[in-house]
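Okay, got some structures for you below.
Here chain A shows up in two complexes: once beside chain B, once beside chain C.
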Partner chain A sequence: MTSTLESPSVAPASRAPRPPRRRRRLGAERRRAAYLMLAPSVIHLIWWIGLPVVATFGLAFTNYDVIAGTIEWAGLDNFREIFADDIWNLSIWHTVVFTFFTVPVAMAIAVVIAVLLNQRIKALAWYRAAFFMPHITATVAIALVWMWMFEPNLGLFNLLLDRVGVNGPAWLSDPDWAMPAVILVSIWKGIGLKMLIYLAALQNIPHDLYEAADIDGASSARKFFAITLPLLKPATFFVFIVSMIDAFQVFDQVYVLTPDGGPANSTTVMTYEIYRTAFGEFDISAACAQSVVLFAFLLVLTVIGRRLTGKDGDEA
Partner chain B sequence: MKRKFDARWVLHLLLGLGGLIMIVPFVWMILTSLKSRADIAAYPPQLLPTEWVWSNYQAALDYAPFGTYFRNSLLIAIGHTAINLMLATMAGYALARVPFRGRTVVFMAILAMMMIPTYTKIVPQYLIAKGMPFFGGNDYLGRGGYGWLDSWWVLIIPGALTPFAIFLFRQFYLSLPRELEEAARIDGMGEFGIFARVMTPLVKPAIATVALVTFENSWNNFLWPLLVTTRDDLRVIQVGLAAFQLAERTEWSYLMAGSTLATVPMIVLFLFAQRYFVQGFATAGIK
Partner chain C sequence: MTRTRGSRTRALTVALVATLFATACGGSAPGNDDETSGTIRLLTPIFEGTDGKTVLEKQLGDFKEKYPDITVEVDYTSYGKLNEKLTTSIAGGRPYDVMLMGVGWIPPFAEKGALAELDESRQELTQRYNERVVEPGIYQDKVYGLPIMLDTRFGLYRKDIFAEAGIAAPPSNFAELREIGRKLTVRDGSGKLTRAGVDILSNDLRQTFLPLMWANGGDLWAADGQPAFNSPEAVGALQLMTDIIRTDKSEDFGFTQPGATGLPLAQGRAAMMVGHNNHLLAIEEQAPELIKEDKIGFFMITNERPAMFQGGTLATVSAKSQRPTAAKALVGFLTDEQASLAANEQRGNVPALNSLADSEYVQSNKAAQFAMANLDAAYSEGGVPAWLEIRGDFKAAIESALLGQKTPQQALDELVVKAQAAIAKG
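Right, the complex of A and B next:
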């Protein structure tokens, strides 16, 4: 896709010159058409993305009372207020724990499956579909299925554990097991997309590299670590960033599997606290301050990710 | 030769096992949705229902208006897809094919918007919807009423356009040869005609990809409809399901019937159009 980026700017020089006035008129006419075609999108994006983003950052530094409609400058008060809240600090920790366990595990499984799928095998599309299915189905509906499987007495998990003589925990209502359960669901759901991006990247690795390694007598493991993994670096960056951003914004499965922050607030995450602050307590300014903190986390993670995996990562 | 055969066999075994684990929840969902109450409580449990209770689906529909939820989700998903295709093709075309001052700035802004996290905009989006002037009892300054909350507007309009779609269309329009539009221009065609009749038919793969991804995201969306609707007749299927779960915690077969209704359309669509889904998600990666 990069090569196509330059084409329009190079072309005009090579064309035969036209009478200047006609060209100017044509250019103006085309520009007018372009403005008309762009206008609805630009208005929509400014109204529903541009304005809200500015407002989030603005409101974070004000005291905005929704009901009275009053607004006043508050400086850093909102930030002091939210960090004095233990549950908010706890939710940051939970988000970090969730991301730390979900992203690397799902990425590792995804890269293995992608390598396995990147062979000339029959039924590839079916295997790929099986691994990708959790990604395209609704999180809410799927979370309900897992909730049923985690059910302490009749759920699939505890029935299977019972078979091997283990007394299973109460999963979603046990403060120690609720977060692991949510993480398990999220790993399962997250494998598909990561696998797909890896698979696309693998298909771009030139075959002669492996042929050369074969001539040198390299083992499969050696080829994987010396050729495949290094060449997957840009894809890894891309997957890492996308997964981090997703994991930090996890909401649907947490909301459904463990309502109200989970047993003893054991699964409350940053997004859930933003939701609770904004739409439970109607403290819009504090919720915006929390959103700004979340944004800062994502920004820092993106920068670190870029450092770790090299700069040329955007083109996975 | 023999070793190669073995390796292939191991590969199928590994992938088959992994694939099976991935689809167990779906199989369990469908099986549970067809079990009787006695089967669900039976010990030791049965894998298959002893009797296949198809009437669970009718019973679930009687319990909660899943038909209405389903219709709402479908209308919204179709609306989002249609609007996104219409606006994003036009914008993508203009950005790709017409040189004008500020084009790079607009494109960069759209790229930046692609990366804005949901939670950096969702609270003010809610306020904007609530403060929509002249709607829902609001005055000209958007005060006093509920604005767009609990309306079709708020379910369809804010999520109808994605910067990703504009980006993808731009890339596709850029790759088309210049000679095509020049030939059409010599024939006296205007810019809109060139866009609609010459160039857009050539980006069909992008249209399929954007349509499927938009439809899927819209169908599965939960947070926004959860925030902006309280009326039961405006609920989408995901919100309806979550509400049903809170009300009827232990009716597992009905819940699984509802979950099946909420997932099967996407599974069918995916199996039929896997190629375009794969293309879309592999290039986008971003929800």
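Right, the complex of A and C next:
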């Protein structure tokens, strides 16, 4: 186990050799100190992440009756059961749709806002704070405000539509409009953090590249597509992965805006179904099987993301 | 060395998994402490908000005077979060000593041994309560829950709107309900609904459908315990709801929803509704003049028979309580006249005790009076251990019919298949 670096035999003769025992002792002491300092994190990881993960995978293959306190082996029954459930399959589709619209759209808007807020304009700090505000505000509070705006009779949107002679829909009660409404809120809420990451990345782009482009007579659009976007690739990878995971784990805004999965289950998503199965139906094992499926989705997406962005992604 | 490390890892893994399952399956054994002392935990989905908390704390102060050696720790929640609290407390091996729960909760929890039998008999209880009120707390002839309050669903209507239209009385059957609904519906020039003739969306959809089904002569369960909510009577009830929305257009889907900011009936945007008795409390807050001027009327939903939905809150004791005697003392206290009257008053609900029919609160609350006078025609949901799994699927099934995605028969047939699977799973 002793490393070569610690061996006294490799020490140059001209230097005063340290006593080997002392070095070993120091190494051991440092290791002990390191383990001691790491211990809280390791214990936290094992207790709060490791054990629940093991439990989730274990319980997914059992029939665990949480009220009676009984447990029995079920093999793949829970997985067969959940994939035979139309609502679970619908929730997977809704999650994909939600992710498709929230991640790329919000990323595109965030890049544009970040570029705009990277200029020298008046009240810059105020604008940046304003865009970041939705990210740090409690989702429930945000959802309640949006619920009022979506209210079909007295809400802001329909009052505005009414002024231009359009009969607005019942946003959150209409199965055709409920998911777009949730997506709209999620995009608005998610832009702040993405914008901040892009802003940090933009400030790391060397300014002389733009000066060189100016000398060559490049237009603003040309500079954006030839310099800014390529150099934002590492940040884009990071934002993409984080946003995908966030989108697949969306719960609170869906839960508050459209309780019970929305009208005719039109906004039910995977996390809500997991919650409903566990706490509405007391079927903890099926909920664990659903969680395993969600985990598999996230794993595959992360791997695909890494493959797509290649080496540049590693720099993020 | 490698083998030793591998063995250790395996041993550690086995120990972790064993600990985990022991934790999951465990829980302390029921206590045999018969003393009325110690600390007990109460889980309550009623007494919400600051007002509710104030009411309960006042009652618990009185309880403390009566039982100075018992300390009650309260966990406040809502019905929406009740299942989470119950599940996690039971799974964590530390269930609450006293749990207040709805009528549909008793069979699932009693069936699985989570509730303690109370020292009460059906005969004795029926002397204090209406028989319909006692039944939901009984499972397999054993009493597991004592009622604190009832919540009921029936018809509410605006007397002034009816009078303006020259309609003398509320509907006495489904055909009249549709006809009056059509007559009282108002749309503006652009076709936008400004007043719903019948509002069936402000109330929870399942709890709107069920009284219609019972009024049409249907039942939740057949004699053999199998689901019967796809019977012709049940389909007829859902067909009525579908006709109100899709054929008569007496209300538009999305016009309102349960818990919406304003109650359409209070705002004059609905002429009648299937509603909750505590909608009267909402009307009192939003349009007190309607109560003062006696503009709100009530009617039993009737077709083949009159019917009213009856839910409620019952006090139960955990089978794993370490202090069952103290817990039962608290149940007795919470269900007595003084405490249950305070709880009902705060929530605008209907007292379960017969003796409270003459109380000042009931005499001043016409919805409570109406409910108490019609308890003989009340029906309750639940009844099978799998009810909590089944009930969540009603909303989507009803919505699919109201939206025209499925016929009422298809929607209810599919619901029955799901219910059968839930019952079979046990």
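Basically, the second predicted complex is superposed on the first by the 271 of 316 C-alpha atoms of A that agree within 3 Å, B and C clash if a C-alpha of one lies under 4 Å from a C-alpha of the other, contacts with A are read in each partner's own complex, and residues count from 1 in each chain.
Definition applied: a residue touches a chain if its C-beta (ideal position, glycine included) is under 8 Å from a C-beta of that chain, and two chains touch if they have at least 3 such contacts.
As the structure is a computational prediction, the values presented were derived from the model and not from experiment.
Partners chain B and chain C, brought together by superposition on chain A, clash. Shared-chain residue A:Ala34: touches chain B; no touch with chain C.
Touch criterion met: A:Gly261 reaches chain C, while chain B stays clear of it.
Of the two partner chains placed by the overlay, chain B and chain C both lie in contact with A:Ala55.
In the superposition on chain A, A:Ala287 makes contact with chain B only, while chain C stays out of contact range. In the superposition on chain A, A:Gly69 makes contact with both chain B and chain C.
A simple residue count on chain A separates chain B from chain C, and the partner touching more is B. Touch criterion met: A:Pro169 reaches chain C, while chain B stays clear of it. Applying the stated contact rule after C-alpha superposition, one finds that A:Pro152 touches chain C and leaves chain B untouched. Using the contact criterion defined above for the overlaid structures, shared-chain residue A:Phe279 touches chain B and also reaches chain C. Chain A uses residues 50-51, 55, 59, 66, 69, 148, 151, 154, 278-279, 284 to touch chain B in one structure and chain C in the other. On chain A, the positions that touch chain C within their shared complex are 50-51, 54-55, 58-59, 64-71, 87, 148, 151-154, 165, 167, 169-170, 172-175, 260-261, 263-265, 276, 278-284. Interface of chain A with chain B (complex): residues 1, 4-5, 7-8, 11, 26-27, 29-31, 33-35, 37-38, 40-42, 44-45, 47-53, 55-56, 59, 66, 69, 113, 116-117, 119, 121, 123, 125-142, 144-149, 151, 154, 156, 159, 188, 191-193, 196-197, 199-200, 238-239, 242, 245-246, 248-249, 251-252, 255-256, 259, 270-271, 274-275, 278-279, 284, 287-288, 291-292, 294-295, 298, 316.
Residues 16-17, 20-21, 24-27, 83-84, 87, 90-91, 108-109, 112-114, 190-192, 201, 252-257, 260-262, 269, 388-389, 392, 395-396, 399-400, 403, 405, 422 of chain C are the ones touching chain A in the complex. In the complex of the two chains, the chain B residues touching chain A come out as 8, 11-12, 14-16, 18-20, 22-26, 28-29, 32, 40-41, 44-45, 87-88, 90-91, 93-100, 106, 109-110, 113, 116-128, 143, 157-158, 160-161, 163, 166, 171, 174-175, 178, 185, 190-192, 195, 216, 219-220, 222-223, 227, 237-239, 241-242, 245-246, 252, 255-256, 258-259, 262-263, 266-267, 270-271, 274, 277-278, 281-283, 285-287.
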